[in-house]
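Letters A, B, C, D, E and F name the chains as they come in the text, with residue numbers starting at 1 for each one.
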Amino acid sequence: MYTVCVRDHCMIAHSFKGEVFGPAQRLHGATYVVDVELRRPTLDEDGIVVDIGAAGQLLHDVLADLNYKNLDDEPSMAGVNTTTEYIAFEIFERMALRIRQGELGESGTKLTSMRVTLHESHIAWAAYESSLTPATLE
Amino acid sequence: MYTVCVRDHCMIAHSFKGEVFGPAQRLHGATYVVDVELRRPTLDEDGIVVDIGAAGQLLHDVLADLNYKNLDDEPSMAGVNTTTEYIAFEIFERMALRIRQGELGESGTKLTSMRVTLHESHIAWAAYESSLTPATLE
Amino acid sequence: MYTVCVRDHCMIAHSFKGEVFGPAQRLHGATYVVDVELRRPTLDEDGIVVDIGAAGQLLHDVLADLNYKNLDDEPSMAGVNTTTEYIAFEIFERMALRIRQGELGESGTKLTSMRVTLHESHIAWAAYESSLTPATLE
Amino acid sequence: MYTVCVRDHCMIAHSFKGEVFGPAQRLHGATYVVDVELRRPTLDEDGIVVDIGAAGQLLHDVLADLNYKNLDDEPSMAGVNTTTEYIAFEIFERMALRIRQGELGESGTKLTSMRVTLHESHIAWAAYESSLTPATLE
Amino acid sequence: MYTVCVRDHCMIAHSFKGEVFGPAQRLHGATYVVDVELRRPTLDEDGIVVDIGAAGQLLHDVLADLNYKNLDDEPSMAGVNTTTEYIAFEIFERMALRIRQGELGESGTKLTSMRVTLHESHIAWAAYESSLTPATLE
Amino acid sequence: MYTVCVRDHCMIAHSFKGEVFGPAQRLHGATYVVDVELRRPTLDEDGIVVDIGAAGQLLHDVLADLNYKNLDDEPSMAGVNTTTEYIAFEIFERMALRIRQGELGESGTKLTSMRVTLHESHIAWAAYESSLTPATLE
């Protein structure tokens, strides 16, 4: 199995609902350094998993929709706790949709799985990964 | 699959038995920077894998039993080579036991696998991972 | 010259005033991974710059006053842009005050300079450093 | 499952063929920081996955065949784009061959899988991983 | 003293002349992860050292002139060994010229020193730093 | 000013004397990831600060005298607390002596200062730096 990974980041504000979050129930924020790993079992005719420049640009575009925002005010995330693991899932879904729509070209459609990791500090990170089967991509 | 990871460290002395270890047969020591990854397929009702603060505290408590010690004198490790890979396994077992005993609450019982990684220098690390099936947790 | 450095982090929300900040004028947030370097020309009788455990605890306490907060609502920072470089200065001042008040003991009074670095992402950081002369410490 | 990982690096020149590579079609170069993860389900009688010193030396030897070279002139890579993901595969194959030939001793023959990761910058890496079944090792 | 730092990278090919370089006399290459630290004793009226977005863009532009090139063919570097320390100096000079020409605005003219660090692997880096006095900037 | 830096590591056991050390009074150990920065104001005729390969080898040799040892048994360190900051000083002295003895060649005698940094974990490090004046080198 081959993997390529690109890294970028975003900076957001948010708050959590629930006693388990303690002081994080207050409005605060985070820098998320985001790694997206893209996987397929074989390389394409150019010898790559996918155009890494295009992958980095796609990640940058997806993060631009979150960057410098207060997630508490995001209609698309209303009523959910925007925890690190949830945002990893959300970025996965947004990346998967745009890959399905062809933004990583023909090679992107051959990806079989993806993993999104969000580093929130030097001592904690969270990730979401899943297959990118045709069913998932449809 | 969702993952959360917490990091902490401990500093120990030990020696190894066996020609394969060369100069590491002498009494020496190591800093282990320890990453514990906790995994489950769905988030709980708070939108988390597990309380990350509680997970960090549990790791800290488990490492406190090893920290600032000479492992050659630890009764629980008598007769074994306390290699990096072995200590990864040992920390896994201690974490798994306390998770089974409820120290990470209800959400902790939904964890399906765990990975413990020990970074011993900038050029070497070792890990142990396994499922946390009910059988394992029982 | 000897230096010891301790690391911790905090997670805050804030917004900036001024066209130069572009989209960062919106309410957003950041994780700051904070390094505090403490310097003196000679070691004390124990062979240390300062008690590193106490230094880490002091940094943790100073960051606790900022952690999980919206800095736009902090009275002590009213009317200023809480940029990374400004917060580095602010943490320097708070650390210096408490060192002067004796929180790092006798050895702390022998420190001659300090540097506070805030890593805001994998591609950007800011720092403030200054001497800790008796005049500064008075 | 147990894993040990060793890290080393090499510095090479190369160029790519294909419009997808844009300016990387020109002769340029890269530092690859290489991580090799070696895995097996049980430890040997010494309590290790494999002699980590031998593993590091083997990686160093494999990289020595690539280090300080222009890969465009390497007969063994003629006609292929020496992308990061391809070189990860190539290093995997060379490591697997020498492990099969016994360079990591008896314990090396018990390895069940291997992963080779090449970090090409602070924002991009690629990897190749596969099982090391007896069929693969034969 | 305040510092802000931005990071970017470039990937180049080159060779060295001189027995001291051993195998690095052959055509090879490197990824340079480049940190540029910008310093001034006071913040501007916006509370910043300099517009960090503009600083990052300027570094990106300066590196674009080197990126994906064989430095042996660069007329501006003819007859010199393009060692890591030399390229650090070269990037310093190019940054200083464009800062002097106003590309970082009014605040850029208040910078008093700069440091350029090139990380060439996980075990080696080189840097060049100097004051940015009005004389230097003229 | 130019700087080159090389990195290596060593793994040692030791214990401390003094109440300030708390549990670290027990026999324990550490991995020290060691950075040595070498500085001079001008490059030599080859365009380098010093032969970086020779510098890395010298550091490796100096660390070999400490590696895999219990520092409590080292005659050269009898009666001192081998704290991180003290060992940084000790490595500085040993490096300086061998540079003075010519192990880094003619270019080594032009070095004007050196800094030795020991990373003992992901959250703490210590350093010692000093000039390498002719007086120091004599």
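The working rule: a residue touches a chain if its C-beta (ideal position, glycine included) is under 8 Å from a C-beta of that chain, and two chains touch if they have at least 3 such contacts.
Keep in mind that what you see is a predicted model, and the values were worked out from it rather than measured.
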item: Chain whose average C-alpha position is farthest from chain B's own; value: E
item: Chain at maximum distance from chain A, centres defined as averaged CA atoms; value: F
item: Reference interface E-F: repeating pair among B-F, A-C or A-B with over half of contacts shared; value: A-B
item: Rotation in the CA alignment of chain E with chain F, degrees, nearest 5; value: 120
item: Shared interface numbering between chain B and chain A [over half = same, under half = different]; value: different
item: CA centroid of chain B to CA centroid of chain D, Å; value: 27
item: Distance from the mean Cα position of chain C to that of chain B, given in whole angstrom; value: 32
item: CA centroid of chain B to CA centroid of chain E, Å; value: 42
item: Of all residues in chain D, the ones touching two or more other chains; value: 7, 122-123
item: Touch list for chain F against partner chain E, complex; value: 1-8, 43, 46-49, 51-53, 56
item: Sites on chain C touched by chain E in the complex; value: 16, 18, 20-22, 80-86, 88-89, 122-130
item: Partner chain E, residues of chain D touching it in the complex; value: 7, 9, 11-14, 23-24, 26-31, 33, 67-70, 120-123
